[in-house]
Amino acid sequence: MGVTILGIGVLTWITFLPVLGMVLVLLLPKERRDAIRWMALFFTGLQVVLAIIIFTKFDHGMAGINTEAGMQFVEKVPWIDVKSVAWFGRIHIEYLLGIDGLSVVMVLLTALISFVAVISSWTIDKAVKGYFALFLLLDTGMMGVFVALDFFLFYMFWEVVLLPMYFLIGVWGGPRREYAAIKFFLYTLFGSVLMLLAMIALYFSVTVYIDPAGVIHSVADATKMGMQGLEKIYTFNMMAMMDPGNYVPDSLLAGTNTSWRYIAYIALFVGFAIKVPLVPFHTWLPDAHVEAPTAISVILAGVLLKMGAYGMLRISFPMFPDAMIHYSWHLALLGVISMVYGALVAMAQTDFKKLIAYSSVSHMGVVVLGMASMNTPGMTGAVFQMFNHGIITAMLFLIVGVIYDRTHTRGLNEFGGLMNQMPKYAAVMTVAFFAALGLPGLSGFISEAFSLLGAFQTFRTLTIISVITIVLTAGYMLWVLQRVFLGSLPEKWKGLTDINGREMAMLAPLAAIVIFLGIYPSPVLDLMNSSMNFLAELLQHAGSATLMGLQ
Amino acid sequence: MAEQILQDLQLFYPELALTATFLVAILADLIFRRTSVVVSGIVMIGFVVTAVLVLGQSDLHASIFSNMIAVDPFAHFFKLVIIISAILIVVFSLGSAELNSPNRKLGEYYALLAALTLGMMLMAGASNLLMMYLAIELSSISSYILSGYTKEAPDSSEASLKYVIYGALSSGLMLYGISIIYGLTGSLDIYTINQVLAEGDISGVALLIAGVLTLAGFGYKISAVPFHFWTPDVYEGAPITITAFLSVASKAGGFALMIRFFKVTFIDSSVVTLPEGAWATFEGFEWYHIIAAMSVLTMTLGNLVAIWQNNLKRLLAYSSIAHAGYMLMGVVVLNNQGLAAILIYFVVYLFMNLGAFYVVMLVANKTGSEDIEDYKGLGARAPFITVALAVFFISLTGLPPTAGFIGKLYLFAALLNSGWVWLAVVGALNSVISLYYYVRVFRNMYLRPADQPGPPLVFGKLQTAIVLVLLIPTILLGLYFTPLVQLAQASVKIFGTP
Amino acid sequence: MELFDVVFYVFAFITVVSAFIVVFSRNIIYAAFSLLFTFFGVAGLYVLLNADFLAVTQILIYVGGILVLLLFGVMLTSNVINVDIKTGTIQTVPALVLVAIVAGSLSGLFYSTWKDVSAPETSVVTTTPALGKMLMTTYLLPFEIASVVLLVALIGATFIARRST
């Protein structure tokens, strides 16, 4: 099943192509800067091609989420296999990749944003070789997070992202880069060690059966098969962890609504919330965004933040539906706080990048609110919002990059009257900003509308409060446009040139996607429809099961 | 008796080979007074022969010389760790600029290295309190001299003296503890002590006092808080090769000794209700609480103090204290899984810690400094070496995809699987703290330009090869750790325990 | 009080008092000579415990060897006789706390176990042959390793003493 190239599955290719690129980049002499840039562009370009192949071959009807059979492009190879000893069972970890409607969207986003970010990195002049090598490693980490279906593998990819990011911010960043980089590193590592502990606890709570051929069977299936020739093992398989029947009675995380399950859920939640980032775990984000070079801000906002929200949907929701339901209101509340707080703080910014950073916090709040609603429109909206936010915020950061490259300042109050000076720039920027503030006809509107619609069914008051954000967002976004484009052009910016071909090449496709999906969102919505429906049903089912259990 | 001793000797070949190496090295030093190359060659050959003999000893379960020494998979494992690091240290020493100054004679250095290794190997197997004490003393006395070997450096002599004083105090305490244990149980043989304890008329309080005193000796060897005071000064003052050796092999010996002592002595083998691979201590001897507290103190103090260090050797000293704390967590859980986790950690630690020290040594050879401030801009001057150092540090932090992650993973897994959640959380948070000081080094290497730009540092092929020998396992074992786990799981068997 | 006890207390008194003088004497020669009495006292206690071999070695090695060496060292070091050794107390409070803890736990140890202690057997047998046998059989390995330890110490001593050139 799935697509293979040279006998290797397409997901492996799309994940590890950048590493291959990294090796080739490292082999090039460091003086050949252009060769290095083209090499990176070539490999991320290949990634986009593969993403398009995946997009066209993706079966819209399969839900995935908690069954391996429902996953597509599955690749499964035994990775670690240690025979059992008298006092410890067999250790069997699989290299398991696969995607469903939830992850395919993220795969597309990652490929696209990485490609655009390479174009935007063309202006990097300091240690080009190191930059692109790290960039490509980062790319692999991000892609891996979205395609891994084995928790252990997922965690590896999750952590692989940290180190390149630290260096990319720390070496190529702005004046306070050291501080921003270490803050990012420590925050995310703090989150991920908690996630590690939760992962280990899950591992020791879930068993499945493995047959001599190495195929994994859930406890229910194994009972049906009569246990003939089967060996019981612990597993990191995510789908096995989602099946309540696989939990060992009396293990740490067995049962529903136990305090250990809540603790494990919170540990996972903190790990993901730091990445999202939700208020109050967000303080690393403005620093990181402001200091990072443009392309890295694009990656951060476009892909990295999505890892947190994706993690919640992929892991927290299906594995801990009981805890999820228990804490859904709190989650929604944090989402709303992020929305309102992010918007309010954004309003007060005079630094262009910081403003966008806080707008990211606000927009990711919408994602979390949508997810927390646990119904199809809410979650579909949330995932779609992840995709759109990825593209729109990427555009916003690129736009800041364009102006910063020319003026070396990000102070909003220093600009004015650029409309006539840079008409093409003004056009692109207007599209991006209107998309960000949720203007109907652009993609951001649809996803926000879906999210809020879903959220309204579950959390009325909270959603009504959150609607303030729309006004606030419109306020600060329009104010930015006003400050940059209207008024009189300061003397010193008389010589500014409009955007060049390279900049257009990275902005135009994104703008086209924003407009296209604003008018016709089905291509993306269809991808995730079945999966989101299925996930919503799963949660509702778990919810009613919990209620019955309580009665 | 004589036949028995001759038989036992056959299981004692590695140690015999080491003793022979030591003696031949001394003689050779007397004959070839001018060149220490001969002695280093002899010691190298001796170590390699010992390593081969150790490898030939796998899967034995015996106790030799009237229960003085156990020859079991557990000891075998630690002997391997010790002899491999000893070989690497000889290689390091050959390339150390600090040691190979024109006026220095290195004959005794290599001879004592053999004696030190012998002491550590004996620690790995000793199963009699007298033998344990002698093994500790043999390795201690050798390391006192070795850590003061660069006499002209002022902090080297200071290191040696501090080491002697703390060493004398802790071995005195340990000896006192041993004498009390002997008084209480009438035996020095840990198997007999275990039987006496099983009869159950020994006062728990009395034995606790004796045990804590004995613990001073072990704690000093593994530099666990509060017996760690010597570590930073000695690690900073000693030649870097010796620092590296002490940080890995000496710890290995200390852990082997301590685990064997606790596991054989205080384990109640009459409890049969436990799951496979777990064990229980005698009632009234729940000492794992003490070890848990020691573990928390050790790792937290090590990590917190490391943050303030500016000398890389000193930083690594505190980091090695912290790592001892992590490994102690594996003792607390009282089962084979925890034991296996410690063993896994040791293999990983061997590569990553020796690697880190080796790179620090190479840099010090060229720049003459171990100060973190002098690492500024080094990333551009020596890209390969600094990337290697970065990988070793990432591994010491415990981030995937390096071997250090696997070590931490198994420790946390052992803790969580036996319900020590709080300890696992403390350990995990500690690794976040540790990131901060390791990253300070990255920051200086890559993020900050040098105060005065220097020429690129060029390293020879051999040096690069040695770095690779340490670097490749550090990464590879993080990606494919099946053999590592198999080795550790096969090596948890301690002679005389169920 | 039997004769045995009287003899014990006499030896114990000699040992403890001379040990105090060793510690508190400001003159290094006095200290060294008091050490002589400490060693003798301990040797006497060994005799009372029927450890004849140990008593003899104590006198031979500690008195005949180590102490004489010590005295030679003192004598040969120039200008040491008239120098006042600096003594003083620092860190009194932590030291007191530590001493209290140690003393407390050790006396606790003593009281929890003293009733188990039985008097030594009165029959006088010579322990030397048995010790010799054990050193060559059961304790062969520690005996040999101890010799390696001594060799290492010897090398170390010469290394430290050697003038660095």
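Per-chain numbering from 1; labels A, B and C assigned in written order.
Basically, contacts are C-beta pairs under 8 Å (C-beta built on N, C-alpha and C of every residue); 3 or more make two chains touch, one makes a residue touch a chain.
What you are looking at is a predicted structure, and each value in this text was computed from that prediction instead of being measured.
Student: Closest chain to the overall C-alpha centroid, by per-chain C-alpha centroid: which is it?
Tutor: B
Student: Average the CA atoms of each chain to get its centre, and name the chain whose centre is farthest from that of subunit C.
Tutor: Ranked by distance of C-alpha centres from subunit C, the top chain is A.
Student: How many angstrom lie between the CA centroids of subunit B and subunit C, rounded to a whole number?
Tutor: So the centroids are 32 Å from each other.
Student: Taking each chain's centre as the mean position of its Cα atoms, how many Å separate subunit A from subunit C?
Tutor: So the centre of subunit A lies 72 Å away from the centre of subunit C.
Student: Taking each chain's centre as the mean of its CA atoms, how far is subunit A from subunit B in angstrom?
Tutor: 42
Student: Residues of subunit B touching subunit C in their complex?
Tutor: Touching subunit C from subunit B are residues 1, 5, 19, 22, 26, 65-66, 68-69, 103, 108, 111-112, 115, 118, 122, 128, 130-131, 134-135, 137-138, 141-142, 144-145, 148, 151-152, 180, 183-184, 203, 205-206, 209-210.
Student: Please name which positions on subunit B make contact with subunit A in the complex.
Tutor: Those in contact with subunit A are residues 275-278, 335-337, 340, 380, 394, 399-401, 405, 409, 412-413, 416-417, 419, 421, 424-425, 428-429, 431-432, 435-436, 439, 442-443, 446-448, 480-482, 485-486, 489-490.
Student: Which subunit A residues qualify as touching subunit B in the complex?
Tutor: Residues in contact with subunit B: 79-83, 85-88, 91, 127, 155-156, 159-160, 162-163, 166-167, 170-171, 177-178, 181-182, 185-186, 189-190, 193-194, 196-197, 200-201, 203-204, 252.
Student: Within their complex, state which residues of subunit C touch subunit B.
Tutor: Within the complex, subunit C contacts subunit B at residues 105-106, 108-109, 112-113, 137-142, 145-146, 148-149, 151-153, 155-156, 159-160, 164-165.
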